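The structures come next, written out as C-alpha cells.
Below are two complexes that have chain A in common, paired first with chain B and then with chain C.
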Partner chain A sequence: MSERTRQTKALAWLAVLELYRRKDMVVVFVLSAVILLPLAVFTPFGLAGASRYMNETALLLVWLFSLVIGLGVSSRLFPPEFESRTIYPMLAKPVARGTLLVGKYLGALAASVSALTVFYLAYGLMAGLRQGVWFPVVFLQAFVLHIGFLAVITALGLAGSLLLTPSANLTMSGLSIVGMLFFGQRLPALAATQSLPGRTVLTLIHWLGPHVEFFDLRQRVVHEWPAIGWGVCLVVLVYAAGYAAACLAVAVAVFRNKRF
Partner chain B sequence: MDVVTLDGATKAFGSVHAVNGLSLTIRQGEILGFLGTNGAGKTTTIKMLLGFFRPDTGSLSVLGGDPCEPGTRRKIGYMPETAYYYPYLTVRELLALYGGLCGMTKQEIREASERLIARVGLTDAGDRLLRHYSKGMLQRAGIAQALLHDPDLLILDEPFTGLDPLARIQFRDLILELKQRGKTVFFSSHELSEAELICDRVAILKRGSLVWCGAVGEVVGDGERNLERVFLRMLGDRGEEAARQSLALHGGKAGTSPRANDGEVRP
Partner chain C sequence: MNRQRLQTWLAVSGVGLVVALGQAIPFCLEGRLPQVPGEDVVALVLGDARLEISRTLEDKAEEYFHGGVRHLNCTMESDADERGHEGHDADAHGDAEGHDDHDHHDAPAAKGVTGFDPWSWVDQHVHVQEHRHLKGDQTVEVLPWLWAASRMSPRNTQAYESGAYVLAYILKKPDEGVRLLEEGVRNNPASPELDFSLGEVLLNKLHDAAHAEPWFVSTRAKCLPVQRDAAKAEELMQLRLRAVFYLGYIAKQRGDADRVRVCLEEAESLEPQHEVVRDLRALLETSGTKQ
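== the complex of A and B ==
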C-alpha cells in the first residue's frame, strides 16, 4: 500500500467514525429507517395505486434523507476543524493538502453511502416482501445512480464548506440541489421564453448546475418500468465523477491558498 | 549543523506585522526556548516553520528543505498550543490517524503508540474517548502524537500549559531525553522557569522582532530568576512597568527588577 493510500485511508476512516460516533447523525439515521419501514410495508385499503403512492413517498424520503446526510456530513468536514484547531496537527503531518481534502471527501462519501445502503436495503426488503419481486435490476440501477448523486452533492458540500459558513453552505447547496432536482429539466424551455440577460443566466445555470435529475430513477422503480441501459448508467456515473472532480478541484485550489 | 534557518523573515496580516525581519538559527541537538509576550509573533513563526504559510519576505529552511513540502514535514513533530483533538476518538485511534497521515504501517503505528502511551502515562486511559480527558491528559496525548513518527525536530507551542507539577517534571525529563538522543527541540513558552531549566539557548521576541538570543548560561549564575529579569528588560516599557509592580508587591525587594546588559541585545 502506497503512502498516499495509507493517508487517504486514515482520513476517510476518520470521517466515517465521526458520523457514527456523533449522536446527532445517528439519530437522523435511525429515525429515517424507522420512518421508511412502515411506509414500505403499509398498503392503504389494499389498492395498488395507493401502494405506489406510498412507495413514491418512501423513495422521496430516501432522497431527502440522503441529501441531508450527504450535505450534513460534507459541510461539517472542515469548519469544526478550523474552529477547534484540530486542523493544525493535521497540516503539520507530511500530507499534501490535496490528499487531505480528497481523503476527507472519500470518507464523507463512504459514510453517506453506508447510510444510503441501509435505506435501500430496508426499502428493498419491504417492497420484496409485499410484491414478491426481490431487488429488480431497475432498483439496483436506482441505487447505483443514487451513489453518483451522493458523489456530486458531497463534493459540492465540501467545496462550499471552504467558501461559506456552514449554515450558508447548507442553505445554498440544499436549495440549488432541490431546485435542480425539480426544475433542472425545465430550464432550457424557460430560458427560451426569456430575453437577455435572463436567458444567459438561466442557460449558465443549466450548464453549470448539478443535473441531479439524471440520477433520479424513482418513477421507474415505483411504476416497475423496465431498466435503463447500463451504458446510460455509465455515462451518468462519468458525469457524476466529472462534476465531483470539478468541485474538488475548486476546493483544492481554495484549500491550498487558505491561511491558517 | 543548523536545523532551522530564518533569514530576515517577515509576515504581515494586513497592516499588522506579526513577524518583522526575524533572523534565527537553531542548531542540531539543542533545546531552544522561544519567549515573548502574547502577540509577539511566536505562533506565527511556528506556523511558518511548519509550512502553514510562507514568509512575505526573507527566507527560511527547516532540516535543509522547504516546510511547505510534505517531505520536509516528515521529520518534524509538532504539538499545538491548544490541545484540541477529536473528542470522539480514543488516544489509540488518534495515534492511528496521525500515524496513517505520516505514512506509517499498522505494525509501526501499533508499536510506537503503545510505547508512547506508556511513556506519557496514559496507559489506563488508552481506550477512553478524548472528550473525557482533562486538559493535562490532552497535553500528554498531544506530546505522544508529536513524537509518533520519531521526528528529528520537535516544535512545541506552549507545551507546559495545563500540566500539573508531576507531569511538568516528566515532560521536562522527556525533552532532555530527546536531546540526549540527538533530537532538536524548539518550544515557545511563557514559563520562564522551565525555559531556564532545560534550554541551551533562548530567543526573546518583541512585536515580531528578535530582541535577544543567547545561551541560558550567559544569564544564569547571578542569583535567582535571571531569565525573568532579562525578559522584563527586553520588553522595554511594558517590562519596566511589570518590574515596578513586582517590586511594589514584594515590598521593594530585589529579585525581579530588570538589570542592565543581560546578554546580547540585537535591536
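== the complex of A and C ==
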C-alpha cells in the first residue's frame, strides 16, 4: 500500500468516526420514528391497506436526512481546521494538499453512504414487513443512484466550503440542490417560456447545474413501476462521477492556491 | 428577597391579567371577533389557506391515481364523469357496469433546448412517462390524501366527491361513501353537487330510490338560483338536467308517467337537444305512455 493511499484511508476513516461521534444518526432515527409511527397505524375512512403514502413519507425523510448529513459533513470538513489552525500540523506531516482534500472527500462520502445504507436497510425492512416484497431491483437501483447523489452533493459542499463562508455554503448548496430536485426536470420548458435574459440564465442552469433529480427513483419505488435499464443507471452514475470530479478539481485548484 | 418577591407578584399579576382579558374580550366583543366560535386550531391558524392546501392534497391523490405521475388532462373527476354517464346507462338501463382505462396522449412538454439534449434524455429514461390508472383495490392508496384534503378544508366539496366515488364505485363500500357525502353536505349545505352524488350512490349502488329521490329534489332546488357567472350557470344547468333525469327515472320505476312527462318538459325547456331529453323520451316510450 502506497503512502498516499494509506494517508487517504486514514483521513477518510476520521471523517466516518466524526459522523458517529456526534450522534446525528440517533437524532435522525428518533425523528423518523416520531413521524412514521402514527402514520403506520393510520386507517383513512376506516379502511386499511394503503401503504404508498407511508413509503413516500419514509423515502422523503431518507432523502431529507441524507441531504442534511451529506451537506453537513462535507461543508464541515475544512472550516473547523482553518479556525482551530489544526490544518498546519496536518499539512506538515507531510500530506500533499490534493491527498488531504481527496481523503477528506472520500471520508465524507463514506460517512454519508454508511448512514444511507442504514436508512435504506430500515426502509427495506419496513416495506418488506408491510408489503411482503423484499428488496426489489428498483429499490436496489434507487440505493445505487442515491449514492451517486451523495457523491455529487458532498463534492459540491466541499468545493463550496473552500469558496464561501460555512453558512453561505450551506445556504447556496442547499438551495441549488433542492431547487434542482423541484425544477431540474422542467428547466427546458421553463426556459422556453421566458424572454431573452431569463431564457439564457435558465438554459445555463440547465446545462451546468447539478441535475440531482436524475438520482431520484422514489416515484418508481413508491408506485411500483418497473426498474430502469442498467445502462441508464450506468449513464447516471457516470454523470455523478463527472460532476463530482469537476467539483473536486475546482476545490483542489482553490485549496492549492489558498493562503492560510 | 423583597426584589424576588416583587418579581413573583408581577409575574402572577401578569398571568392573571392575561387570563382575565382572555375571558373578558370574547364576552365584551361578542359577534365582533374575526374568528367563528367553535372553529378548530387548524382553522384559526391557516384561515383561507386551508382550501388551497386541501386542493394540493387532492392533486396529490390525482397523482397517486396515475401511479405518481401528474396528468393535467386526466383527473379522477373526469373519470367520475365518464363513470357517472356509464352508470347512468348501465344501472338505469340494466346494462353491465364498468369503467376501463382510457388512453390519453399528453402533449409533449415545451422544450427550450433545440437539438439533442442529453439531460432530457436521461430524465425521460429515469422518470416515468407512461400513463396508467390504479385499479380495483389498489385505489385504496388515494384515500389517505383525500381524507387529509377533506379534513384540511371541509369546504373542499371536490375532496368529498372524489373520496365518495373511490369508496362507493371502486372499492365497493357504498355505505362509507354515503357517510362521507353526508358529512360533506353537513359542512356544505349550499352545494348541489354533493346532494347529487349522494343521490347517485344511494340509487346506483344501494338501489334505494326512496332515499335517493329527496337528494335529487334538493339538487334541483339548489340549482335554481340564477348565477351571474356564465360558466357556473352552465355547470348548474347540466347538473339540474341530470337530477331531472334521475327524478324521471325514479318516477318511471313507480309507474308515475305524469311525473316523467313533467321531468321531460322541464329538460326540454332547459336544453331540447340534450341527451337527458332523449333518455327521458325513451323512458316514456318504454312505458308505453308517450303522447
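Observations on the structure shown:
Here is the rule we use: the second predicted complex is superposed on the first by the 233 of 260 C-alpha atoms of A that agree within 3 Å, B and C clash if a C-alpha of one lies under 4 Å from a C-alpha of the other, contacts with A are read in each partner's own complex, and residues count from 1 in each chain.
Convention: a contact is a pair of C-beta atoms (placed from the backbone, for glycine too) under 8 Å apart; a residue touches a chain by one contact, two chains touch by 3 or more.
Given the structure is predicted, the values throughout are model-derived calculations rather than measurements.
Placing chain B and chain C on a common chain A by superposition gives a fit, with no clash between them. Of the two partner chains placed around the shared chain by superposition, chain C is the only one that A:Arg220 touches, whereas chain B remains out of contact.
Superposing both complexes on chain A places the Cα centres of chain B and chain C at an angle of 150° as seen from the Cα centre of chain A, in steps of 10. Legend: residue contacts after superposition of the two complexes on their common chain; A:Leu237 is shown touching neither chain B nor chain C.
Once chain A of one complex is fitted onto chain A of the other, the partner contacts of A:Tyr53 are limited to chain C, with no touch recorded for chain B. In the superposition on chain A, the chain among chain B and chain C reaching more residues of chain A is C. Touch criterion met: A:Ile228 reaches chain C, while chain B stays clear of it.
In the superposed model, A:Val178 makes contact with neither chain B nor chain C. When the shared chain is aligned, no partner comes close enough to touch A:Ile35: not chain B, not chain C. In the superposition on chain A, A:Arg186 contacts chain C only, with no contact to chain B. With chain A fitted onto itself, chain B and chain C come no nearer than 39 Å, counting C-alpha atoms only. Listed in rising order, the residues of chain C touching chain A in the complex are 64, 67-69, 109-113, 117, 119-120, 122-123, 125-128, 130, 137, 140-141, 143-148, 163, 167, 171, 173, 176, 180.
Note for the complex: chain A touches chain C at residues 42, 44-47, 49-53, 184-194, 199, 202-203, 206-207, 211, 213-214, 216-217, 219-220, 222-225, 228-229, 232, 235-236, 239.
Those residues of chain B that touch chain A in the shared complex are 47, 50-53, 70-74, 76, 78-80, 82, 84-86, 88-89, 93, 96-105, 142, 145-146, 155. Of all the residues in chain A, the ones that touch chain B in their complex are 3, 6-7, 9-11, 13-14, 17-18, 21-22, 84-86, 88-96, 259-260.
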